[in-house]
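Look at the two complexes coming up: chain A is in both, with chain B in one and chain C in the other.
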Partner chain A sequence: MILLDQVVSRNEKTASRILAGEAVVLTPMDSKIHGFNETGSRIWELLADRPTLSEIVAHIHREFEVSQEQAQSDVIAFIEELVARGMVTLGQRSREG
Partner chain B sequence: MDIGDMCVLIASPHPQVIAHIQDRYHDFLSEEAPDFEIEMAFAEDADPAEYLDVPHEMLSDFIERSRAVEKRLEEPGAPSSSAVYWWGRQPSPFGESEADALAGSKPKVAHLGHKILFQRSDFAGCMDIQAGQGRNIFGKNMLPFAVESFLRICYSFLAVEHGGLLLHSAGVLRGDNGYIFPGQSGTGKSTIASLVTKHERVLSDEMVVVRIRDGQQLVYSTPFYGTNESAEQNIRADLKAAFLPIKDDEVYLKETRPAQALSKLLASVLFFGQEVALNQHLMDISAGVVAQVPFYEIHFRRDDSFWACIAERERMEVVK
Partner chain C sequence: MAKTAKQGGASQEGVSRSGSWMQRLRAKAQANNIPLHVMLELTNHCNVWCRHCYISDRPPKGELTLDEFKGILDQLAEAGTLFLTLSGGEALIHPEFFEIAAYAREKGFSLTLFTNGTMITPRVADRLVELCPQRVEISLLGGLAATHDQIMQTPGSFERALRGARLLVERGVFVQIKTTWMRQNIEEAQQIQSLVEEVGAASFRGAYMVIHRRDGSTEVADMRATPEQLRAVARRAYERLGEKGIPPEPEPLTEEQRRETSPCGAGQSSCCIDSYGNVYPCAAIDTALGNLREESFVDIWGGSQELKKIRAIRIADLPECSACHLFMRCSRCAGLAKMETGSLLAASPQACIVAHAFEDFFQEKRCELQ
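This part shows the complex of A and B:
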């Protein structure tokens, strides 16, 4: 189960680029190329700073003008998909920050 | 040998290996100073693990599968080795599933420090990019296929090392303009290459090298062909545009979004590297190509009418 205070990090094996607001991600583990829509691309961009889920939700709620509930539901579904594909890992933020 | 302005010196104690290379890759032979050196030996010459200087257990895939292939080939009525090792040119008499199980279409790759080990059942090879050296070992029955497979993989790594890409793509020269038609099997590369008119010349129906050198985008022919051997010469041309082939009833060009172009380009790159830095480098090179080369979808029928769209685009470029 995903918790909102968990930190989301890109799998360091992935290579990615964001072109004109769209992310393209290469996963060498399975030789696949992934393309995301506007929201997914923005989330992938945010992952560069290893945010918590609640921080991602706040960004999406604010930037895409969707309700908090909708943003949370969408972000969790997307991150779960990325976890299942091995593209991100979940962890806890260290106390030192 | 020179492909994409990358020279490889090939050495072997076996005259038949050298004779094969001189014959098969005749138009790509060169006397330029090599960027990389490769030795090729037969499996009977040496212990494969010792020859490649890798742990024995890492070669299990090659050893087990090469034995299975040898055994299968010795059975009464078995087809020749050419039926097992094919590059998608014709259906295997073994049946595709058995041929795939025996030969395997994808090599198994492992990184050992700065060395890269790759193996299928027809060959095992190792490249040390930093040292500029590689070795390939294979059963002598597998001569043409093991050499071709190894060279394709070697050049895929060398291309990235030199800031380029070995692409699954048809390449066409039209006047001085080079064009690529990247795509995986079945997208129409061979069809496009077969539909050239007197105004075009085929660089390859299967694989080209793309490089950006001194800010100039270049496309190179390769000896790695699919269904026809029309790329008989080592040719370099300015890369003017990339067309992603789409079979359709209508004929037209459509500009692609940058991310769409990058995804399609990456999907067409021959590359097996697993290392993080190598893949990031691959991504950077590909993004550089997308930034500098116009990409279009080219919707085409099985006739040469799509060249009119490309000619129209050339006229628009001149007007600009």
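This part shows the complex of A and C:
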């Protein structure tokens, strides 16, 4: 189960770029290329700073004008999918910050 | 309201680097002036001496420093480059190869390595795995050690290349074996295929174009496969595959294709940077567009008049090729055409020989089968 205070990090094995607003992510583990929609691309962009789930939710709620509940539900579903595909890892923020 | 993440955010659209997904990416890159693919030559130095290599000399000084390479990678990441090919010379001979490659991965590039494979020891293979390359392409220039070593002018290079390939395959790296078909090795296609399977390489690619050296010398021309040899390749494919080895008659170009389609990808969404900082539309077109020690990448990519001219070329601008029924079957290279004839718009005599050798054979067979 994903917790809102967990930190989300891109898998270091992936290669990616935001191309004209669209995140393109390569996973060399399975030689696949993934493309995300506008919101997914924004989330991938945010992952560069290793945010927590709740920080991502706050961004999406604010930037895409969706309710907090909707943003949280969608972000969790999206991150779960990325975890299942090995594109991100979950962790805890160190106490030292 | 914008679509939220759940509404298709993680949609997986592509399965490999080939096919429609890559076409869509290239089209997007081209439309947005993004240099999606860049080949970066780390050094002109090499530990072997391939007789057909297009690099003509190996000046000992003046190559880019580690800091300059990092600066270039920063610029390419900013410009949107995703696919980065590290090449040479022999890229692995560069004393700072792993620093450069690791920095490239930090910056999010998808790495491909072109190598002769001879420097891949278990230790090097382990370090390459850590870089998570998308693929490593290893040159194999003969099915027999004597042929490969003779073309590379380096005894033992055949065994070392195969060892390198095996070490990477064992570690799960996507390895592509590639060859340039030449007069000396084209009869060894079967042996090469067997080696590809024995090593366990993920794929194989053969090319018929032997391009001239960057200094304009044409001595590599006598290494090209003869029309008789090419015809024999087509015959063997027919003997192996029967009617399935005969492609359908080539489709003529439509007016829209002539008018709208670029004849090659050079400078459209890709370019090549040599180890002195010169930027080229591709590795085969010898016209430097600018130098990264004097100008920024963005200024060259966006401002080069020469590049604008190349990007504007459409099939209709090629007086001979646009009227040729074999255009869609032809591996014409604009850089080779320029080297052979002085014009980027001319037909490449070598490409014509290859295309006609195959098609003449296939046409004869089609007639026999009717």
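A few comments on the model shown:
One rule holds in what follows: the second predicted complex is superposed on the first by the 97 of 97 C-alpha atoms of A that agree within 3 Å, B and C clash if a C-alpha of one lies under 4 Å from a C-alpha of the other, contacts with A are read in each partner's own complex, and residues count from 1 in each chain.
The rule is short, and it goes like this: a contact is a pair of C-beta atoms (placed from the backbone, for glycine too) under 8 Å apart; a residue touches a chain by one contact, two chains touch by 3 or more.
Every value quoted in this text rests on a predicted model; they were computed, and no experiment measured them.
In the superposition on chain A, A:M1 contacts neither chain B nor chain C. In the superposition on chain A, A:T39 contacts chain C only, with no contact to chain B. Within the superposed three-chain arrangement, the count of touched residues of chain A is higher for C, of the candidates chain B and chain C. Using the contact criterion defined above for the overlaid structures, shared-chain residue A:P28 touches chain B and also reaches chain C. In the superposition on chain A, contact is made by A:E65 with chain C only, not with chain B. The residues of chain A shared by its contacts with chain B and with chain C are 12-13, 15-20, 22, 24, 26, 28, 31, 33, 35.
Chain B makes touch with chain A in their complex at residues 257-260, 262-263, 266-267, 272-276, 279-280, 282-284, 287, 290.
Taken in their complex, chain A has these residues touching chain C: 12-13, 15-20, 22, 24, 26, 28, 31-40, 43, 60, 64-66, 70-71, 73-75, 77-78, 81-82, 85. Residues 1-17, 21-22, 25, 28-29, 31-32, 34, 36, 77, 80-82, 105, 108-111, 132-134, 174 of chain C are the ones touching chain A in the complex. The part of chain A that touches chain B in the complex is made up of residues 12-13, 15-20, 22-24, 26, 28-29, 31, 33, 35.
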